[in-house]
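The next part holds the structures, each set out as structure tokens.
The same chain A turns up in both complexes below, where it pairs with chain B and then with chain C.
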Partner chain A sequence: MIDSTRPVAVRAAEHPSAARTARRRRLAGRATPYLFLAPALVLFVGLIVYPMIRAFQMSFYDWKVLAGATSTFIGFDNYARAMGDPVFWRGLANSGVYMALSVPPQVVLGLLIAMLLKSKSPSQPVYRVLFYLPVVTSWVVVSLLFKYLFADQGLINWALADVLHLGDGSTSWLSSRWTALIAISALGIWKGIGWSMMIFLAALQGVPESLEEAALMDGANRWQRFRVVTVPAIRPALAFVIVMLVIGGFNVFTSVLLMTGGGPGGQTEVLLTYMYRQAFTNLDFGYGSAIAVLLTMIVLVLSLAQMRIFHGTGQEEG
Partner chain B sequence: MRSRDRTRTSSVVARHALLSVGALIMLTPFVYMVSTSLKSQAYVLTIPPQFIPNPATIGNYVQVLTTQNFVTYFMNSVVVSTTATGISVLISSMMAYAFARFRFPGRELLFRLVLVGLMVPAMMLIIPQFILAKQLSLIDSLQGLVIFYVAASISLNTFLLRGFFASIPRELDDAMQVDGANAWTRYWRLVMPLSTPALATTTIFTFLATWDEFAWALTIINDPAKRTLPLAIQLFQGQNATQWGLVFAASVIAVLPVIVVFLIFQKYFVQGLTTGAVKG
Partner chain C sequence: MKRSLTTLTVTSVVAAATLALAGCSGSSPTADASDGATETVAPVTLTMWGTYGNGGNTAQTDVLNQTLIPSFEASHPGITVDYVDIPYADLKQKLTTGAAADELPDLVRSDIGWVAQFASLGVLAPLDQEMDDFSTYADATYPGSLATNAWDGHHYGLPLDTNTRVLVTSQAALDAAGLSEPPATFDDLQAMATALAGKDIATFADSGLQGWNILPWIWSGGGEITDADLTTSTGYLDGAESVAAVQMLVDLYTQGAIPNLITGNSGATSTSDGLPAGQYATILDGPWMRDIWAGQYPEFAPIYAPVPAGPGGSISVVGGENIVIPATTEHMDAATEFVRFTQSEEFQLAMATVGQMPVVESAGTKAADADPFYAPFATQLATAKPRLVIPQSSEVDSILSTELTPAFEGTTTVQAALTSAAKQIDALLTSN
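Here is the complex of A and B:
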């Protein structure tokens, strides 16, 4: 950059008008990156960063929705209220149950399918598409679909009673807390397996075949090879999948809203449905914001932990 | 040797058996959805369930397409998704180009700020965004959907594209610069055409995300004429109680474009997932 401007500067010294053009060009050159950034940055700062700050600010107010009404600063009252609010804790617990029920199967089954699909065969792409199909399907559609499958007279009850002979098929899945959480988790698993499978498949391509063969020579059986060769090699992907699924578990919203609406009587409320109800049904924007901030804190801590894990392993490898 | 061959064959068989069972479980809900969309109301919840509708009817599809304003909702979704995707990919790629090709004061800081957008859950912002949309008179408008969808997709798109742009040899830029090409020309005529795979990935991801988006649309759209498909389908189920045949006829119509896009461009999905995840 400096080298290329030098001849211009020399010329500029000889001709004052050239100096002006050169300066203008240099200024324009300096402005160029900002011009490229400007459109996206304006939208991003205005519609993402600013609301982020606002959410934080609003959580300290008794926020009045009506125009003209004054909102009063109430410090940590909204947070104190959340700490003493049984529905908030139940929402957190339900989010936890959802994670406990849906994350392990997505990891284990996703990895199992990826292992089965690892070797290239003509049928591999077909299976890959089939398992990935739920991932690309809209949450609204699959939530309604599972609501229908888990209906009292639905396919699941019929399959349990008449095909598998488990129980009498009269479970009213969506009208009590635990069975509803099972149904919602079943949807989460079904929709999410394809994603973890895809990440694991990509990671497995990076496992050196020579290691696998060396272990085979040493007489290691399949399980030993998996534990000693595969798992260490895909550890970063494993960590990534687990953290993303846990974060995704905290973000569960549409499926709960459409399958149970948080009901009956708030029993299946998760953090986000409760936040949404506080804000847009009860119009308590301050309290809703406090719940949103608490949720974000949890997610940020998890994200930072994940980046730390990544960074660590990245350095080991590099 | 022979016994080893036999265990090999049996393991191949076991592998296929496991995979087919899994695939069958994954596929059954879809098949059953299509099946129900072809049933009349009397047959949607029967024990034992009908997998092959008898009698089959396209009545639900006819009703959805003729009496329920469904064409309007479909067009709303098409307009919102394509506009938001086009704008987002354009301005995100410009931003990514700035991050990948220029050194300027504040670059690290700004890039980190953009990355924060990847970590903050979209739902966290919904309350202040609603207030903002109200102040900007964007409630009940498709523009209000588009502009916020664009904003929400900038972080991921910029992140994916910057990585790809950085992998294009800088010498090509330098050569063009020597020939007198300015930054815009180098971006538009050199880097963009070379980045088709990454642009395809971001385009597809953004399109799908906007096509399926529900929470924001639910929050700012009240006017029935402005509904998008996810919103329409959800309200549809509310209004028609257990008219599952209708609900799923509408769902099939909404899901079909997505599945077609996915089947055609699936290679770019894999690329996007792996650059966005395993490397990042």
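Here is the complex of A and C:
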């Protein structure tokens, strides 16, 4: 019988095979967390990190798609080309406009709906599901749906002219840059509100009721309670939602591709549709990758800036 | 407990890695002939990618799989053909990723617009070098279709099926315009627009300003997109004839006789709905519309006529598919045998019964005799021309539509738009 009170080392010295087992156990013990991480890590590295590194590499080449073909290293030529490419800048501007048009309503309306749905009532789960439904619906399906809604003889024009009596309903929404971006943004807002609502609902559960009550006792009205109690309490969620929505805004792709295809004449092209066209229509993978890298850098800088802002002001108030 | 957990973890890692690797590598699409045996003896399986079933139409895949491939296999013992149907929208991307991963099939039914692009990348085998009897087959096809296989002094494929756009109208539209027959010339079309003014019917509709859309007008107007040797676009695309032809369309657009579908309004009624619905009086379209309208508008009786003639005659644009062989195939002899089979009267006429126009002139005549529906298309094909056969044909399309859209919207002149487009196309031509 082994005396379990003696140190392992002593036991190990007496029984070499036990020492090996113990060492193996210790190693296995240390390795366990990494082994648990491994499945996800393998997929992450194989399907995300590796393609990213490859894309970064491709962006410096006149990339030949054929297996085994030699690609020519051209340094920053693809980046220089993007700087002088008016469609790149228009795509960037359109991505920015989409972000500016779609993010604030998603934050404001998402928070508003979350506030309304916070109180307990029998109908509340039904509404939560209804608002969340667009989030889990396929982008392809809703993009086609909105394309028909905003068609010349679509529901929006009919509603504007025959129901609301605003104009004659002859607006060709998808035929010019700004009206088309409005239609695409409307889709983004409708589809995204449910997501921000869900995050805000979760955050609102964490607002201490005692604070609300204290503010009420101090005579704060509804708006004042919202401003000084609710908003500071859900600040991290607010920052998270805004950062994620801005990233998502710059990544708009499916809705543009299906609603306008970047048309008319490239007027509604966004960065990702332009990248896609360069890579998969023109087979210019080098230039497409350069656009992707530039988009990544823009989003990275924006996200870092936002996090700094939120962090900074958070400390001042804290 | 700990040990079993570790085992579990290791197993899951291995499983995940295997999954990832399987996802990355896929399986080889070509069945390997055993190394020791010679190619003529070993059974060979040819894999072919194509888009015959596009739109869920099984008529063409049925003819291929149930009649033509069995017939080929019967006359070529030892060769099996495995046809894989791929949606049109996915095929180009699949070819691209297949080329990158070195996993291409042995035969591809390729859009005519892709051959030069993939040939210039080195993906395709030059058939004029692989087949001793290439010219025998090439000479039998329509020159306009054959030309879409040429790149850099070689032919990388043979035409497989062809089509072209003709003018399509309806009796209702002709009645509304007070015409007894479809507009045959540019002047007729303009007169039709005058007659239809204020009647809520657009005279002509099209869904874009790419080469497929705009070139029939430029060619019929006597213009060109480049010189014959593909060295310059300046002096051709921005020449007086090209400008006049496009100007006619712009004038019709300004009068409201052409809807903004042409400038890319994706919310406008499509041509295939607008014509039967009486919204549009004329459109340009291809032979595939017969089956589509038969299904969706059984009452509609389309009238087919040549593209309205201008100073250059009535000249339309060639569409269709070519048969090509990826350079990576391990079964070149068997693959070229199948290419020869696609040029046979048996193959061409069988496909003609399900809507694919023959590319072999003799078969084309027979098909038109058997089914008078094809006659207007066969006539139009005699003079139809291909779009630019260069690797950057998709870029030419986006140049044309980007430059011409503002000309239609009135923010620039046709001359300025075409001059700018010609300069950009010049740059593409010199880079080849």
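One rule holds in what follows: the second predicted complex is superposed on the first by the 252 of 318 C-alpha atoms of A that agree within 3 Å, B and C clash if a C-alpha of one lies under 4 Å from a C-alpha of the other, contacts with A are read in each partner's own complex, and residues count from 1 in each chain.
As a working rule, a contact is a pair of C-beta atoms (placed from the backbone, for glycine too) under 8 Å apart; a residue touches a chain by one contact, two chains touch by 3 or more.
Every value quoted in this text rests on a predicted model; they were computed, and no experiment measured them.
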- Message: Per the contact definition in the header, classify A:L300: touching chain B only (first), chain C only (second), both, or neither.
- Response: first
- Item | Touching partner for A:L43 - first (chain B), second (chain C), both, neither | both
- Return first, second, both or neither, reflecting whether A:P51 touches chain B, chain C, both chains, or no partner chain. first
- Using the touch definition from the top, say if A:G154 reaches chain B (first), chain C (second), both or neither. both
- Task: Could you tell me if A:F131 is touching chain B, chain C, both of them or neither one (first, second, both, neither)?
- Result: first
- Message: Contact-wise, after the overlay, does A:T281 reach chain B, chain C, both or neither (first, second, both, neither)?
- Response: second
- Query: Is A:S175 in contact with chain B, with chain C, with both, or with neither (first, second, both, neither)?
  - Reply: second
- Task: Return the chain, chain B or chain C, that is in touch with more residues of chain A.
- Result: B
- Which partner does A:W223 reach: the first (chain B), the second (chain C), both, or neither? neither
- Message: Show me the chain A residues, by the header's touch rule, that chain B contacts in one structure and chain C contacts in the other.
- Response: 32, 36, 39-40, 43, 46-47, 151, 153-154, 280
- Residue ranges of chain A touching chain B (in the complex, touch as defined): 30, 32-34, 36-37, 39-41, 43-44, 46-52, 54-55, 58, 109, 113, 116-117, 123, 127-134, 136-142, 144-146, 148-149, 151, 153-155, 157-158, 162, 169, 190, 193-195, 198-199, 202-203, 206, 236-237, 240, 244, 247, 250-251, 253-254, 258, 272, 275-276, 279-280, 285, 288-289, 292-293, 295-296, 299-300, 303
- Can you list the residues on chain B that touch chain A in the complex? 15-16, 18-19, 22-23, 25-27, 29-30, 32-33, 36, 45-49, 91-92, 94-95, 97-99, 101-102, 104, 107, 110, 113-114, 116-117, 119-121, 123-132, 147-148, 150-152, 154-155, 158, 183, 187, 208, 211-212, 214-215, 219, 229-230, 233-234, 237, 242, 244, 247-248, 251, 254-255, 258-259, 262-263, 266, 269-270, 273-274, 277-278
- Query: Which of the residues in chain A come into contact with chain C in the complex?
  - Reply: 25, 28-29, 31-32, 35-36, 38-40, 42-43, 46-47, 64-69, 87, 147, 150-154, 172-175, 259-261, 263-267, 277, 280-283
- Item | Touching residues on chain C, where the partner in the complex is chain A | 2-3, 5-6, 9-10, 12-13, 15-17, 19-20, 23-24, 92-93, 96, 99-102, 117, 121-123, 208-209, 260, 263-269, 392, 394-395, 398, 401-406
